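You will see two complexes here that share chain A, one where it goes with chain B and one where it goes with chain C.
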Partner chain A sequence: MNPVLSSLRARQLSGVRCRTCARLLRREKRSFATASGAGDPEGDPEIYDVVCVGGGPAGLSLLAALRSHPTTSRLRLALIETQSLTPLRTFAPQPDSYSNRCSSLTPASVGFLDGIGAWRHVRRERVMSYGGMRVWDGVSGESIGFDVDGGGGGVEGVKEEREGTEGSNGGVVAYMNENVNLTSALLRRIEELGGVDILEGEKVEDIAFGEDTPTADLTSWPVITTSSGTRLAARLLVGADGANSPVRTFAGIESRGWDYNRVGLVATLKLSGPGWGGEGKKIAYQRFLPTGPVAMLPLPGNMSTLVWSTTPALAARLKSLSPEDFCAMVNAAFRLRTPDLKFLHTIEGGQKDEVSWRETHTKFSREQVPQDVVAVQPGSIASFPLKFRHADSYISQRIALVGDAAHSVHPLAGQGLNQGQGDVEALTQNIIYNVEHGADIGTRMNLEGYGKERYWRNHVLMGVVDKLHKLYATENLGVVRVRSLGLGIVDRLEGVKGWVMRRAAGERGLF
Partner chain B sequence: MSLLRSRILNSNLPRELIATCTLTPPHREPHHRQFSVLNRPPPNYEGHVPLTKTERVGMAIGSAVLAFLNPRRAETNKDLIATLGETTSQPYFITRLRDTMLLTPSGRRILRLRPRITSSTLSLPHLRSLPKNTLGHTYALWLDREGVSPDTRDAVKYIDDEECAYVMQRYRECHDFYHAITGLPVWREGEVALKGFEAVNLGLPMAGLSVAAVATLKKGERSRFWGVYGPWAVENGVGARCLIDVFWEELLERDVGEVRRELGIEMPVDLRGVRKAERERRRKGREEGERSGDGLGIN
Partner chain C sequence: MSSIIPIRGTSLRNFNLLLQTAPRLVNSQFRPHTTSSNPSSVNPIEVSHFNALASTWWDPHGSSRLLHLMNPLRHDFIKRCHATQPTPVAKEGLRYLDIGCGGGIFAESAARLGSTGTVLGIDPTPEVLAVARKHARQDPGLQGKLEYRNMSIEGLPKPTSLNEQYDVLTLFEVIEHITHPADFLDACRDHVKPGGWVILSTIARTWTSWFTTKLMAEDVAGIVPKGTHDWGKYINEEELRAYFLGEQGMRSPPGWNGPQVMGVLYVPGVGWRSVTGSEKVGNYFFGIRRDE
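Presenting the complex of A and B:
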């Protein structure tokens, strides 16, 4: 790193920190530059304004957001990520091959990503927007349809949509996108802006409070030691480090919740066509089975992504099947009745034959379910355990948690990643406010605004999603009757439907 | 309906309103659509008679009352019991029975192959030639003893779903196997005991309602039902596995005792034997009474 540049940055930083710190920083910077990034384990730690642990969607978008905003663009930022980011830099996918880890981004999240200048780095030809949802009860068959263009209550698409890049100015419920497409775009945006010290391929070995040295009193500052021995002191340490967050552990924040004893089975699938309405009218499908909801979300062309929440044992059976039988099982999951599905999970093979026989004896409307799955992308079947976790608090002195470090939610509403983006947006606003007012961005009192804005919003949403899972995880006849009645009523109330829809699209208001 | 539609079309209502009012919602399946006697939909399978709700309830009550008042008709020609069975098992019970079949390999094989039990599909001379301990021989022996034939079963008419109709047909045709494996005779007393067993084991309302015929039994028979066969029916109905998914045709050459053990069925006391012993006892009692009466007369 150019010493002139780094000292320049330190001088700019002096506006938001005490003179001693600035001096210390200037001196540290020089030693950092000569040691080519490897910090001195014996000496004083590097001092940063924001150290973000975790280079997932939440961490990267926080850094991109801070760098892109004029008020915070001169903060000294560092990213610590366990894995190498090279795959993100060299992200060059095959046109008809998709990652199995896809997430739905609400228009609100996309608006935020657009605002921080990251959305234009996303490969748009690999993102699929959809304007309709069909959700139905796997036991009673009662369904609810959401259609943004129709009566479901309109949701404005983001700017780019309105400009007509995809030839449609209609409403969008959400955008299906591969996580890697998003993270590589965020990384490109960060590297375009520059100025973030990225420590990739390095684990967090230790987090502890710093020492009182002659030059700086770091006793209330978290100091992170990475696996390469680099030491970083953080004015604000952001934990974007996932469900088993070391930052949360350091802060002593308890994360409470329960395991669902379910796993989310994901796969990339090829359907027989681009959807019943063609490329322009994609629909997301979700059927609530007693073992958990199964969802088919559209990707460009004939591709779709599957998220099937099911028990670990059934997921293991599904993974062991031949590709043809697996495809037959996915088709069955959207078409056949529960007794058939129960049986099909008990046999080791031959599902394809059984399913084609049962389809002739099962009443369903072909146009109301996803088109036939014809192939599964090799190696794309994977599963991950589903949990409900919510941290007691998102903040502590010089600590903030975002994304999965703060909360894990059942994927049935496709809100996990969007909640993380919401956290980042709120935390960025909070940091901007503090910088603008000359306040310390790391003290607990100054972080309160972030926790206050996000905690209850997330908590309510997580509660609703959790209850939905529990409501549909039963075959009890009475419960099925009541929930079907409720769903039928909601389906007929356009106002309520529109409200649910706007909530799903990430619009704010009411709560 | 078409008359009504043409009248609406000729009216001067806004066209959009007419369109929304006359179109049926696309996601409602024809199966669930309401109809009246005037526009009965076409049958879903050969011999199917679609019934309205009112007709279904009326026929269920009618057949139940008639069968109760006229048990002789119910026994000799099975139409009343058949109608009662079909009209009371829909919508829930027959579907549940079908779902039970869908959960086991043998049940699924039956639904897929749809075997029928008639004298042409099961060769009775062949069954009689099987070893004495086999299920096939037991079945043939039972048919001969009771003087019945497997061909006396009516076709299912009132079940709407074509597959469920087959399940009802299958139940009806397997009924004789239930008789054979439990050894219960076709007289009213044996029939009532078996119906009790079926009610518990298969969950068909008709079987449960048929147990009401216990009221028409003689006093001795009734006390025997409450004391012996009723408890047997409940215990075995619960303990045995659901008999609807048993592929009897594949078990014909198996040892009948082994089959009973596998299915979890315990043979009840032989009703024929009990009745015979009872008759014997009564006759002896009468004779003794006469003898003592004679003695009194002499002395």
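Presenting the complex of A and C:
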């Protein structure tokens, strides 16, 4: 064997199982090589066990999970991500400044992330656990206050609480966390373990089936060409590439649903205090308005993150306001009656005074709503269109979809990212089982277990979330009465409430 | 029962796999026989049947689906056997000989395991082996680890050294198609390394298997040509045990130990499940270790 070739191979293909063929492929590739050389678009592709497109929360956690399990740690993995990952590597935030993209992680997700060794890389002082949620109907005022026990909040001791009481999660409903805190922890975990070929700042340009060469028949293998011309053949191609998934498009998997004609307006806010119960007793607030729910989720200290689902026009108006008027509008959204809110959206400025005047004429209990918003973090107001999409299937021959590539859901239940973690956990288990049994991890038949398990769980959850949105996106008096009655009853039935809360906390079972 | 039996000429193997409970009718399979006119263990009628199977072998929804679904259990059973060894099994370099490998469902999977050195799959049916070779090309990871040869066990040269012997010799859904199983097992035995295993799966000889394969499929429905399924060829677990351990006047010299058995049942909608005691009535795995 040519010693140069062999050393080249040893470096590039460490951990690959198909040494012989890779060598042959490499040799052929040379004969095809063009003068320019780089990327070698004419040559044979590099062979990988898993190529993951998309380095968001779902993609990164899949790679970290596969690398950290002894059974799958020998697989050859690649990541393709359009964006540079440098901001994740150099994540060094200011203590009082928070990203506007936050997600509530369920105890189930945190348990999974801990198991794959990623949670300990999360900057814990920036994670806020909360044990209570106050949810109410903005039209009738009827409470849906799914309060667990009021405890469970706190920055410190996140892990102890989770481990302390198996099943009850120590009263923690969820952990509020910046997406970037999670993804940078995942990347740190991946780089600590090593062994993933990361192609960052490279877009997927093309996906096509491979060729039947004298050495191997890759006609059932997706071959990905990136913007730099690199070609990768995938035993299993994972689409973790978000809502507009090019992998899903390649697989010809239809994604059905509708647009809500709503956007999720997000912002990082500073409140007048750390919450009515203090730092240890944080609470999340959500009020259903006819335009969509508005939610205030606790961060450490006096900080909170806002997710306000509303129409694109009203969001545009909110974004155009001065910081003072914007803060006043957020306060109004949790306090004032809907006709007042409607009016406040029609004026171009001066909300601050209008709101403080109207507040004095509105009956509400101070301690039942978030403390006053006093400031908005500059540059933190942004909005994202809200969609309901569900892929017809999560799998195809040599294809699996995870995360938003498979499903997008209304953020009112804070489930999107968590569903992606659930997908990743199930897909990882599926791959482990297949590797242990010598099964080809990419064939449709061997992926069926993953597809079945996750599709139905997500389907039911998404249905519930969608129905909730629709139930509350109306001012029709009849509907308001019925829904108030319905949820008022839910609030009084401990058993049902407990069940709903456990769903929100991502517990397993039933679906 | 009828609802779970996809009776088709090409689904012979599935058909066998589906047979279930009944009282036992034991009439030792290892009865003495006059010298065979056929020097090979291979029954020509069987060969033609598996030719017909070839095209659908890797279709996950085709007639071999039950075999695909059963494959993980084969590995579970081998692991279970290995776990009973007094000395732990090697973590790498294990050599497999898969006799009657068919389209390669097991052979491919064995070759993918990290603990596997090489797999040799042999099968007397050329068309089936062509399917196996073609399919293996779809996985470049198998190159250098998996080899197929078109032959019966008698065609494989007798091993002359330890290096030519195998750690695991497998006979999955094979022995019930063999005319003279004792001769056949005699031929297999020598290929196993001291401390290595013979692992097989087959179906017990029971009233149900007689009823479904002989009477219904051949005589009544006529779906399977008469005579293809020699129900008398089915072998019960205690017969295998007696053969390897040299009990009950069996001719095999001892030299084997630690027999293991695992009965499996196909539950529609659920899949294959290992069920204690079911080896007495239907499909089962059998493993036995050669003395070190």
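The rule is simple: the second predicted complex is superposed on the first by the 452 of 511 C-alpha atoms of A that agree within 3 Å, B and C clash if a C-alpha of one lies under 4 Å from a C-alpha of the other, contacts with A are read in each partner's own complex, and residues count from 1 in each chain.
Just so it is clear, a residue touches a chain if its C-beta (ideal position, glycine included) is under 8 Å from a C-beta of that chain, and two chains touch if they have at least 3 such contacts.
All figures in this text were calculated on a predicted structure; none of them were measured in a lab.
Asks: Just to be sure I read the superposition right, which of the two partners does A:S228 touch: chain B = first, chain C = second, or both, or neither?
Replies: Neither partner.
Asks: Quick one: is A:P339 in contact with chain B, with chain C, with both, or with neither? Answer first, second, both or neither.
Replies: The first partner, chain B, only.
Asks: Of the partners chain B and chain C, which touch A:T249 in the superposed model: first, second, both, neither?
Replies: In the superposition, A:T249 touches no partner, neither chain B nor chain C.
Asks: Let me test your reading of the model: by the given contact rule, A:T311 touches which partner, first (chain B), second (chain C), both or neither?
Replies: neither
Asks: Quick check on the superposed pair: does A:I47 touch chain B, chain C, both, or neither? Answer first, second, both or neither.
Replies: second
Asks: Between chain B and chain C, which makes contact with more of the residues in chain A?
Replies: C
Asks: Looking at A:H361, would you say it contacts chain B, chain C, both, or neither? Reply first, second, both or neither.
Replies: In the superposition, A:H361 contacts chain B only.
Asks: Does chain B (first) or chain C (second) touch A:S380, or do both, or does neither?
Replies: So A:S380 meets neither chain B nor chain C here.
Asks: Jot down the residues of chain A that show up as touching in both complexes, chain B in one and chain C in the other.
Replies: In chain A, no position sits in both the chain B and chain C interfaces.
Asks: Across the complex, what residues on chain A touch chain C?
Replies: 16-22, 25, 47, 74, 212, 215-221, 235, 433, 435-440, 443-445
Asks: Would you pull the chain B residues touching chain A in the complex into a rising list?
Replies: Answer in residue numbers: 26-27, 29, 31, 99-100, 102-105, 108, 111-112, 162-163.
Asks: Along chain C, where are the residues that touch chain A in the complex?
Replies: 60, 68, 71-72, 75-76, 108-114, 116, 134, 137-144
Asks: Note which residues of chain A are touching chain B in the complex, please.
Replies: On the chain A side, the touching residues are 143, 337-340, 342-343, 347, 354, 357, 361, 363, 365, 368.
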